[in-house]
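These notes open a run of structures that come right after.
After this come two complexes, each holding chain A, first together with chain B and then together with chain C.
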Partner chain A sequence: MDSDGEMMSDVSSPDDFLDTQASDDDSLGDGGFGDLDTGFDDDNDLFRQQRNPHEVEYKVLNPAEVERERQDQIAEVSAVVGLSPELAAVLLRFGQWNKEKIIEMYIDYPERTLDRAGVGPVTEGRATTEMIPGFLCGICFDEGDDVESYAMRCDHRFCVDCYRHYLEQKIKEEGESARIRCPGNNCQHIVDSQSVELLLSGEIRDRYHMLLTRTYVDDKENLRWCPAPNCEHVVDCSVKKRDLRRIVPTVQCACSHEFCHGCSLPDHQPAPCTLVKMWIKKCEDDSETSNWISANTKECPRCQSTIEKNGGCNHMTCRKCKHEFCWMCMGLWAEHGTSWYNCNRFEEKSGSDARSAQAKSRASLDRYLHYYNRYSNHEQSAKLDKDLYLKTEKKMTSLQSQSGLSWIEVQFLDTASHALQQCRQTLKWTYAFAFYLARNNLTEIFEDNQKDLEMAVENLSQMFEKPIPELAQLKVDILDKTAYCKKRRVILLNDTAENLKNGEWSFNVEW
Partner chain B sequence: MGSQKRIAKELAELVETPPEGITVELADESNLYEWTVHMEGPDGSPYHVQRKIPGEALLPTGYPFKPPAVSFATKIYHPNVTTDEKGSMCLGMLRPDEWKPSSKISAVLQFARQLLAEPMPDDAVEGRIAEQYKNDRKRFEEIARDWTRQYATS
Partner chain C sequence: MFASKRLSKMQEHVPPGIAIAKSENLEEWQMDIKVLDDNPLYQNQTYRLKFTFGSKYPIEPPEVQFIECAASSDTPRPIPIHPHIYSNGIICLDLLSSAGWSPVQTVESVCMSIQSMLTANSRNERPPGDSDFVSYNRRRIRDIPFVYEDDNV
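Let's turn to the complex of A and B:
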């Protein structure tokens, strides 16, 4: 494990309002790529332990740690500005948890800051419910000297039943917590946690606290929930949104799920988030349709409208521009004379012109399909590899008894399978990435790396198809191939990550 | 929750001292949750015609914790009113996250009438009408007046 506290300084500069929030977290970076940076110190600086260019610094937190972090920040601000922790929490939420900024704002303009944050004028005394003679609740219009009522510092007083009902609805139905405002008409005051504590109890109060923690994570750019099902961990990584053009911040949760801290999608290195989204969208719109179009249609030689041949006759009339042409040779129908159903005019001039125009538009479709098919092939293969491994796993027990290997010793298959999955995931995204790359010298290096990784992966993948009894003999070979795959992957990722960081890639799209 | 008491009281107040240009009554005497509203188009606005514009206010059972819905019964040409048969009005204060249980229907109706006098094109539900309101006020007023005459008086 390395924890080089300086690494992030070159990608983020703590300057404006929202960007300084994580600047005080020097504790970042224990926990992380434990198993990924083994054995590749060949081109690293000999004097300094360094992270691979494609890796980022991050920390995995459990829910209790997140809550503790939140409480610590509240306590700190509370102590500095001399407000109760509940009000300090409202202030912090308002300032998106940027402690320094909030403290500074409060010290410079205490009243205005409190007002804008929805705290309002601070008065002494703890929150209690009261019975006030002549009280009339503005919500239910119940009145009487014995009606228990509550008001925050803004003095909008309502009966406890209505107040409670209001809070319950906000928490239960709208999932609100830190943004619930006073029920008074037009009042912007935030209902602080002290008021909620006083009025609510049991399950609903627990839910309120859970929602508070959740908003805390949602509010902070450096925190992100692990998207894996049932995982409650939070990953702390300080790569900023604006850096996502240059970095693909991939993290691994304590539950072992690897995902992108920028967009929560599963690991999509080397492609940056924006391109990934563009690609996914394109595939959703296009993939199946494109295949069908490619197989069943041609473009009108004059207006390029896509045409499906829906009858047997080769005499086509474009619906749109009324151009008449032959489906077989794409030439002008007029040139066909009377040879109606038997096109033998393959070398007609107009036909070859039309075919070259068509070839152009087909080429762009073919280009897309080239990348798409390889992308989806790796996706598919990763699934098959996994299925195969699951079958193998069952037989690992029998391998243990047959070959006398211990459980620990057969774990090499597990390692190999994991590496295979990871490499296919990377390969898959290299194709989406390549689709958007404009050709230059760098893309050639990239394609070489891609090819090397692909070959390494296929070689390892083959091993899994061997009969079970042979696997034991192949252990050393499989271990070698696994290490080689991992190495090729890191080489490819480092190359792309470095070029991305330095803005070396040129793309064929704006993003 | 005493929502019936609250509604009855609000209704009584509105009937007793109606705000300018607005009258309300229950659509059906046995149902407190459906109100018929008649709104006089503000002076000088294209919605000002002989008759009052009919509409309704629907109160959800969760009222006043849930916002009411206000709509016009006849077609209205206005950036903040849908031109479909619903004629629903888009008011910020009626959005569930904006609504406060202490807000009153009286205020909602007065705000709605104010909106007839001064549309809010930046907060529109009918983008095309809002565009026209901003760029070709004369034509907008013509159409709005035509619609009001045609639909609200028939």
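Let's turn to the complex of A and C:
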């Protein structure tokens, strides 16, 4: 099987508005999926050397690198269009950091671009505060020749105190940075960083700069914060929002957290983001209660409202539609005559029709529960495996002392544990994915792959739980099984990703 | 802090259709407003606005809403019917939100904006979802995530 080195450029058109990430520095060769090691040993500028169909190209950046990247872009635009770096930054933010587009727009329509970006007419000279005779501040109504005041290029002049309070309010209370407008009424002029530098100092100025960097990441579609707690890294991946129907862009941060670059949720391959969202919502609505509903309720044969019978006789009157029916046979109550308290009319037509409608709705619930139970089982097992993982270290130490193996030699348990986690995560989402699949030949192959992986995982999981003395003897076996699990996972993911990319799957929902 | 000077300035000159009903302190003012044209929806009616000034006014917007005075009182003040005014008096107006506010705005400019909001309206209706909003909203006015989608009314 070949890995597809040009997958991204297949999917995104090269002249896209937001396509600022030049990808000419990627040196991806074709190769099989021999690369089963998912470990990362370097967080800087590392592209994966070999890529499977289910993998995407990405890069992990640390905060300093993000800031450097931002400064580089500002410097470049500033040099080309001949504006100060502060104004170039406002322009870039306005154009969502698409350098080429901004430069082009500025060269074609300099004034209009500046105006729309909130820069306004550019005049010479550095920003300074001034004392102007006869000045009256429109905010505090202080007046006098000795009042220090400031105005940006829009010439809305306010006293320095008011200006400062205004900026502090915006930065501290509202968390704004890149989009703070001039305090003047209806003025679209953006307060540039030079003005902020001039007026503010210390902590609040640092906060402003931090927020600015943050908006840079938020503004750029290809950048995403690692959602792991306390992680400051940013992942750069060029998969576009509209490609998310065909790609599940899973990335791994330098902190080792694996997440989806499209939606920030933890790795949910093979299911695409939209289906994942639908599934999560459905489970929130349904899962807790549906088991109970299935066991304790029936639907009204006319309006399908769910009814719980909490006592009383079999003569049911639906609260909602006033339909009268028999709880036992689900038939019309009117046909019951006088046999009120026990129903022996199970074969009548009205009853059997109602029951088949009932069966249909039950069947759809059963189908959901089938997938949900397996989904939640893997979620649960992954949690248990994680507990096991925490014990692994302990196991490894005791294994070392009991078996005379070296630390390096007992690392296989760590690898096995990690593989288990990852495979269960994948399996879990295969069930959510399968729930939305319409049956055809492809789903048969998918289910076979799913079954193979599931068996491999359960086998490994079982071995993993063996008492410590036996583990040392099982080393080769566990290593084999671990490799096999990883391989089955890659096969499943590649198959699903290929079909997704080529639009081969058919679904039983619109999304 | 800045408020005193600008509020006292207001008392010197009040625009037409606007009157100060209560301004004893710098925390809360009440203003009476009337429409200046012959819009049949609001003709011959006076409405009362309550302004609550926080410590950061005018950097932060004041809280502004209509308040009701009983029809039997000396000064009957109903809540005007308008697609952007809820029946509890809360007004959905961009310039009263943190994002739309400019510190240059004053009590009189806010009153005038609301005046013109009434003048321009021809729909005799409350905002959609009025009753739900009125019974469930417990937030401060400026924190309500209004959507200012239609600028026609």
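Heads up, the rule we're going with is that the second predicted complex is superposed on the first by the 422 of 511 C-alpha atoms of A that agree within 3 Å, B and C clash if a C-alpha of one lies under 4 Å from a C-alpha of the other, contacts with A are read in each partner's own complex, and residues count from 1 in each chain.
Assume a contact is a pair of C-beta atoms (placed from the backbone, for glycine too) under 8 Å apart; a residue touches a chain by one contact, two chains touch by 3 or more.
Just so it is clear, the model here is predicted, and its values are computed rather than measured.
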{"item": "Clash or fit, chain B versus chain C on superposed chain A", "value": "clash"}
{"item": "Touched partner set for A:D219, first chain B, second chain C, both or neither", "value": "neither"}
{"item": "Partner chain in contact with A:E335 - chain B first, chain C second, else both or neither", "value": "neither"}
{"item": "Touching partner for A:D477 - first (chain B), second (chain C), both, neither", "value": "neither"}
{"item": "A:H165 touches, of chain B and chain C: first, second, both or neither?", "value": "both"}
{"item": "Touching partner for A:E65 - first (chain B), second (chain C), both, neither", "value": "neither"}
{"item": "On chain A, the residue positions that both chain B and chain C contact, one per complex", "value": "138-142, 156, 158, 162, 165-166, 169, 174, 183-187"}
{"item": "Complex contact set, residues of chain A against chain C", "value": "138-142, 156, 158, 162, 165-166, 169, 173-174, 183-187"}
{"item": "Partner chain A, residues of chain C touching it in the complex", "value": "2, 5-6, 9, 56, 58-60, 98-99, 102-105, 109"}
{"item": "Parts of chain B lying in touch with chain A, wherever the complex brings them together", "value": "1-3, 5-6, 9, 62, 64-65, 96-97, 100-104, 107"}
{"item": "Touching residues (chain side chain A, partner chain B) in the complex", "value": "138-142, 156, 158, 161-162, 165-166, 169, 174, 176, 181, 183-187"}
